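One chain, subunit A, links the two complexes that follow: it is found with subunit B in the first and with subunit C in the second.
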Partner chain A sequence: MVLGILNVLSAVSLLFIAAVGLAVIFGVMGVVNLAHGEFIMLGAYASVIVVKLGLPVSVSLIVAPLAVGMIALLLEPIFFRYLYGRVMESILATWGLSIVLRQAAQLIFGAGYQSVPYPTDATITVLTTQISFYRVLAIFLALVIGLGVLWIEKRTNLGTTARAVMSNAGLASTLGVNIGRIYAGTLVFGAALAGLAGAFLAPLTSAYPSMGLSFLTNSFFAVLVGGLGSLPGLAFASGMLGSTQQIVAIFIDPVWGSVALVIVALILVRWRGTA
Partner chain B sequence: MSWPPGIAIAHSGIDRLRLTSVGANCLIVALLASAPLWVSQYFATDILARAMLLAILALALDLAWGCCGILSLGHSAFFGLGAYAMAIVALRWDSGLAPYVGFVLAILLPALLAAVVGWFMFFGVTSSLYVAIVTLSLPVLLSAIDLRIPKLTGGLTGLSGIPSFPWAEPLYTYYLLLGALMLAIVIVTWIVRSDFGRLLMAVRDNEERARFFGYNTPALRLFIFALSAGLAGYAGALYAPYNGFVSHGLLGLVLSTSAIVWVAIGGRGTAAGPVAGALLVNILEPTLNAAFPGFWQLFLGLIFTVVVLLLPSGLFGLVGSRRPPRRGFQIIDAPPGRRTRDRMTVAARKLNLSFGSLAVLHELNLEIETGKLHCLIGPNGAGKSTLVDVITGRLRASAGDIVIDGAQAAFLPPNVIVHRGVMRTFQASNVFETQRIGDNLFLAACRRELALLTQSTNQIAMPVDARRVLQLSGLDRKLDTFAGELGHGERKWLELCMVLTAQPAIIILDEPTAGLSSIDRANVGEVLISLVREHSLGLLLIEHDLDFVKSIAERLSVLSQGTIVADGSVQAVAESPVVRQIYLGHTNAHE
Partner chain C sequence: MFKLPERRFRLGGLMLALSMAVAIVIGSAVPSSAADAIKIGALVQLSGGAAFLGPSEEAAYRMAVAEINKSGGVLGKKLELLIADTATDPATANAGAKRLLNQDHVSVLFASSTSASREAVLPVVRQNGRTLFFYDAIYEGHACDPSMFVMGEVPETQIAPIVPYLQKSMGGKSWYFVGNDYNWPQNTAAIAEKVIPEHGGKLVGTKFVPIGTADFSSILQDIASVKPNFVLLIMLPSDVVAFMKQFHNQGLDQSVTAIATLVEQSAIAAMGPAAKGLLIPAGYFADATQSAKTFEAAYKAELGGNAPAQNFIALNGYDALHLWVLAVQKAGSVDKDAVTKALPEVARDGPRGKVAYSATTRHATFPIYLARIDEQGHPTIIESFGPVDPGPQCKF
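Here is the complex of A and B:
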């Protein structure tokens, strides 16, 4: 029972961790980043490289966000810059980018699964049940990321500026806000969050070129159900969808868990609408 | 087959030089039909035949995406479902009927799946992003389910030994598949070129306006999506016996991604672009994939990205004509008696609407009737446009009633309200910019969606009042001009003509004179007065200009802070203290 609840909680947390970068990028820039899953994949491969270099795997939690953020920074002037505020084009173009990144990863790293060791194999005991410490860590990480992003959004000047750009980019630019820089910064920040998610997920799923796709649909459903650009909404949606999936997965099996997630998302959006 | 770029200018007289979609398809079919004469048999029956099947998938995707704006990232789900349905029935049921039953199921099952998913996608408050993500999840889920029930589907290994076509000669199969492709081309071309195609294009480019002309746009998109899925299933149904073996990959994202790439590269929105794109990529793929293993897909992804950003109309957009053809429109008299009702009223009773803590409408009562020119004034932010949105079904009231002609009409969708006889214009003029003026008027004149499938006409049935306004505005001489090329004032005139053409009993005009010159404004005033006097229309005008209102209106209502604060004859209301207070900022008492 305790194990079940903890599994549900960690599944919810993992969904939240995977989706939060997506929500940030879409919320501020109106760019639908279908290559988000590939950013997660790149973060996972960053862990693979860290391990191959003989460094402790926990280092990747710092290296991966930096690396993926750098990649996004390089892509900004040649690619993302042309997509700001253009939803339909961004869907197609980032879908193209995701193909390119998947193929590039396959060429560089090969098509196979590459496992990444857990940073810790410690377990903690709750009421006679042994639980992997790493799964508990997921819950903490989700809380830290969620509160961190919320704090940046609400309590810093940067967050205020970003919210201004979100609600009216044209007006913000006439007031002297450098929108280009805010957009680039948001993109890098969102990509870094994806990289962090990838590094954290790598021990659980291994790294493989098409791993991004499995996170992509679920993360997007969480963002759509939660209402675009709302962090508490995203947390709520991750909770609904993640727990549905995990509960069905425990009682029936994981495939029907994924199906249940989509059905619940469809029903929620049908009667609530996307924000 | 391409013209030098200098010649291929997309303008009036030179249109003729461009390759039409039908012409391009005839060329493609002729090339394919003669191909066995000049390519090796292996090339024809293996590479070309397969490419033709995948071209059908591309056509199916284009029907949804290019023609109706439904970007489906998961069309392989429908193709794979069709292939599996065909394979399972053929393998499991030992009967002469099996191939036929399998074929029918292979078309119906995907269409059914699309209809169920489409019901969720199109009837809620959703966006193109939502459609993309939901369709993206379909291949992911179906592949997972496929692996979960290996007894039926063969799991990862797939199903083999599917009975082939009842002949040994591979060229027969080749020509059968060519015939199948031609059938798909004919179906899609038929839809695009019929009057229904004009409606689809309107829905694709401006769904809201189409809905406010009474078209049931969610149902239309559902229909096209299901049709498209059925067509993809049809391709899958042929693929199973052709290949003899169906596998996991047919359901997967790789195939649906590729289909999007073919359609985008070929050029979406035409029947020829996707066929050309699918054939081109699939003919080159085996060769180039062998030459540059791994890099070909990467290269394809790069080309796709570049095409999306720089060449949205694809390769066919370079050589072909994508603009709707001239029709030589002819305006005819609308059959009499189409005006919905002679006398009717629309009443808003105790309407309330809040966004969060902000109450936009509060206990609002208003009645509009035929034969009256009724104006509604109020300061910015009073809730005027919101009120129109609530009455016409664009927004839902938090509480209160809308009663049209005695019948409850709150919570009805916009298209149903139009059928009850109430139409509107938009504050920022809203017309089908991608279509010619004649097409705009045609779409306004017509409301039975499916009947359009069987016709392709250049006649526009307009009632007398609409024709008069059309002549007055001078637009009757510009029927072949694209609405997007009109200036602000002309668009306003066009939208008014369109609404009149649809013959409602009551029209709500949201600032019809905003931004017009004073001459235009006077003209509009005269037209509106005669519409009410001679044709006993009911008009509700949202206005800012009090002098203009005084010169035309019979009845005047004042909206302030979400509720009607004055209502009555123009003279009485215009002189009332409440109007002075709102417009001049003080009342008599302070003077």
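Here is the complex of A and C:
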């Protein structure tokens, strides 16, 4: 029972970690970033490089967000700048970007699977069965990210400005806010969160060019259900979707877990629409 | 207002002209073939989801062609290999097959592809009607077409021999099945459900997961509670890697033996220490048998040290091409019907051992080995089952 709860909580946390970057970018700029999964993939490859350089794998939790943030910073003036506030165009353009990034990763790193070791092989014994300590860490990391982003949003000058731009970009700009910089900063921040997610998820799976696709779908559902980039909404959505998927997976089958996720997402979106 | 469509039209025209120019340049860059060469076509997976296999698949065909041309070619002519990328996409595979068969007029078509791509290629082969088609890949079994010969591991050859062997040699009779949710794992599950009880074993759990699953905690929790002796992993390599890493991280590999049927060297490397103890039933393991060693040496000498590592999946193409050549020599022509008749009468000792096609099932029989992966990720063969008949796959 305790083990089941821990597994559900860690599944919810993994979903939240994967989705938060997407929510941030969508919330502030109205850009549906379908290359989000590829940002996660790039974060995973950053871990691969860290390990190949002989550094401890935990270093990648710092390197990966920086690296992916840098890539987003380079892409901003030539790509993302033209998509702010344009939902439909952003869907099409970022899908194209995701294909380019996947192929680029295949050309640079090869099409095979690259290993990232676990930072810790420790297990925690709950009653008679063991659970990996890394999964418990996921819960901790999700809390840190969630509270950190909430703190930036509510308690810092930057967050206040970002929220001002979010609610009325035109008015904010007449008040002397440099919208371009807020947008660029948010993009880099959201991409860095995706990079962090990639670095954390890489030991669980492995790094390969098309790995982003599976993370994109679930993240997308969570952001859609959570509402326009609202962080508490995302936390709620991750909780609902992640726990439904996990509980159905435990009692029936992971395939039915995925089906249940879609059904719950539909119900929640419908319910939010009428409420 | 009215300027916009016009500009778009002009832009479109420009793009069209540009793409035509590119097509012409690419077209002219393809070397024109010598008149006395026999053209053969091969579809491989150089991009898309199965791109990790593509380079080794292409190299397997190139190796066979190089060997045949060195020994004088076929019917006094050299072979010329034309490669097309399926992009792991049925529509692209279909287009590639059309180009190879209807424009390049290849004498035979090979494909190392997914089943979905094979089904997309078959109508092109039937419509063309002049060539044989060789499907060279591990797959779910029971694909039958009068124009097609199949070589690759099927559930019957990978699961049926290992069940009695493992129950006897390692003890324990309870099995657990984890598969991706599509036809190959489902057909394998059906074979497992049939074979395991026949040998007094029990299948205590069957779970399917979506392709691309990254989190196996619910299944690992179930495995920890039902405590099977063996767990069969019938998933794409990316998912097997994720499973094995989490399986090992949770310490379950101490008490449960994992068996995977679609794992090659790059996936084993990606598992790192988690690969230790994994069992793989397949036709070929590099450096694990004498014939494999001989082949590896020749392969490196021919294609260089940087050639993509060979694996049991890609090697199906190598053996299929060699058998086609033997049949052509026996028939004295590349004519489809003559070669079809000659094919089951030829056999060859290749990197895996003796390989031959059956006339009635149109499927190949070749040796199957069971290998255990050690700490360094090297396979050691723990049992040779000899040539394993895939059984009544088709009736011709």
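Everything below uses one rule, namely that the second predicted complex is superposed on the first by the 269 of 275 C-alpha atoms of A that agree within 3 Å, B and C clash if a C-alpha of one lies under 4 Å from a C-alpha of the other, contacts with A are read in each partner's own complex, and residues count from 1 in each chain.
In this section, a contact is a pair of C-beta atoms (placed from the backbone, for glycine too) under 8 Å apart; a residue touches a chain by one contact, two chains touch by 3 or more.
The structure presented is a predicted model; accordingly, all values stated were derived computationally and were not measured.
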Task = Give one word, clash or fit, describing how subunit B and subunit C relate on subunit A after superposing.
result = clash
Message = Looking at A:270 after the superposition, I want to know if it touches subunit B, subunit C, both of them or none. Which is it: first, second, both, neither?
response = first
Request  = Could you say whether A:7 touches subunit B, subunit C, both of them, or neither, answering first, second, both or neither?
outcome  = second
Ask   = Should A:169 be classified as contacting the first partner (subunit B), the second (subunit C), both, or neither?
value = neither
Request  = Using the superposition on chain A described above, determine whether A:88 touches subunit B (first), subunit C (second), both, or neither.
outcome  = first
Message = Under the stated touch criterion, which partner chain does A:32 make contact with: subunit B (first), subunit C (second), both, or neither?
response = first
First, second, both or neither for A:105, with subunit B first and subunit C second = neither
Task = Would you sort A:253 into first (subunit B), second (subunit C), both or neither based on which partner it touches?
result = both
Task = Examine A:262 and indicate which partner it touches, taking first as subunit B and second as subunit C; both and neither are also allowed.
result = first
Request  = Once the structures are superposed on A, label A:214 by its partner contacts, choosing first (subunit B), second (subunit C), both or neither.
outcome  = both
Task = Take the contacts of subunit A with subunit B and those with subunit C, and give the residues found in both.
result = 103, 106, 210, 213-214, 253, 255, 258
Query = Okay, in this complex, where on subunit B does subunit A touch?
reply = 71, 73, 117, 120, 123-130, 132-134, 136-137, 140-141, 144-145, 147-148, 253, 257, 260-261, 264, 294-295, 297-298, 300-302, 304-305, 308-309, 312
Task = Please name which positions on subunit A make contact with subunit C in the complex.
result = 3-4, 7, 10-11, 14, 103, 106, 110-115, 117-118, 121, 123, 129-132, 134-135, 201, 203-206, 208-211, 213-215, 246, 249-250, 253-255, 257-258
Query = Taking the complex as given, what residues does subunit C use to touch subunit A?
reply = 47-49, 51-52, 54-55, 181, 207-215, 217-219, 221-222, 224-225, 237-238, 241-242, 245-246, 249-251, 266-267, 269-273
Message = Which stretch or stretches of subunit A touch subunit B in the complex?
response = 32, 34, 79, 82, 87-89, 91-93, 95-97, 99-100, 103-104, 106-107, 210, 213-214, 216-217, 220-221, 224, 253, 255-256, 258-259, 262, 266-267, 269-271, 273-274
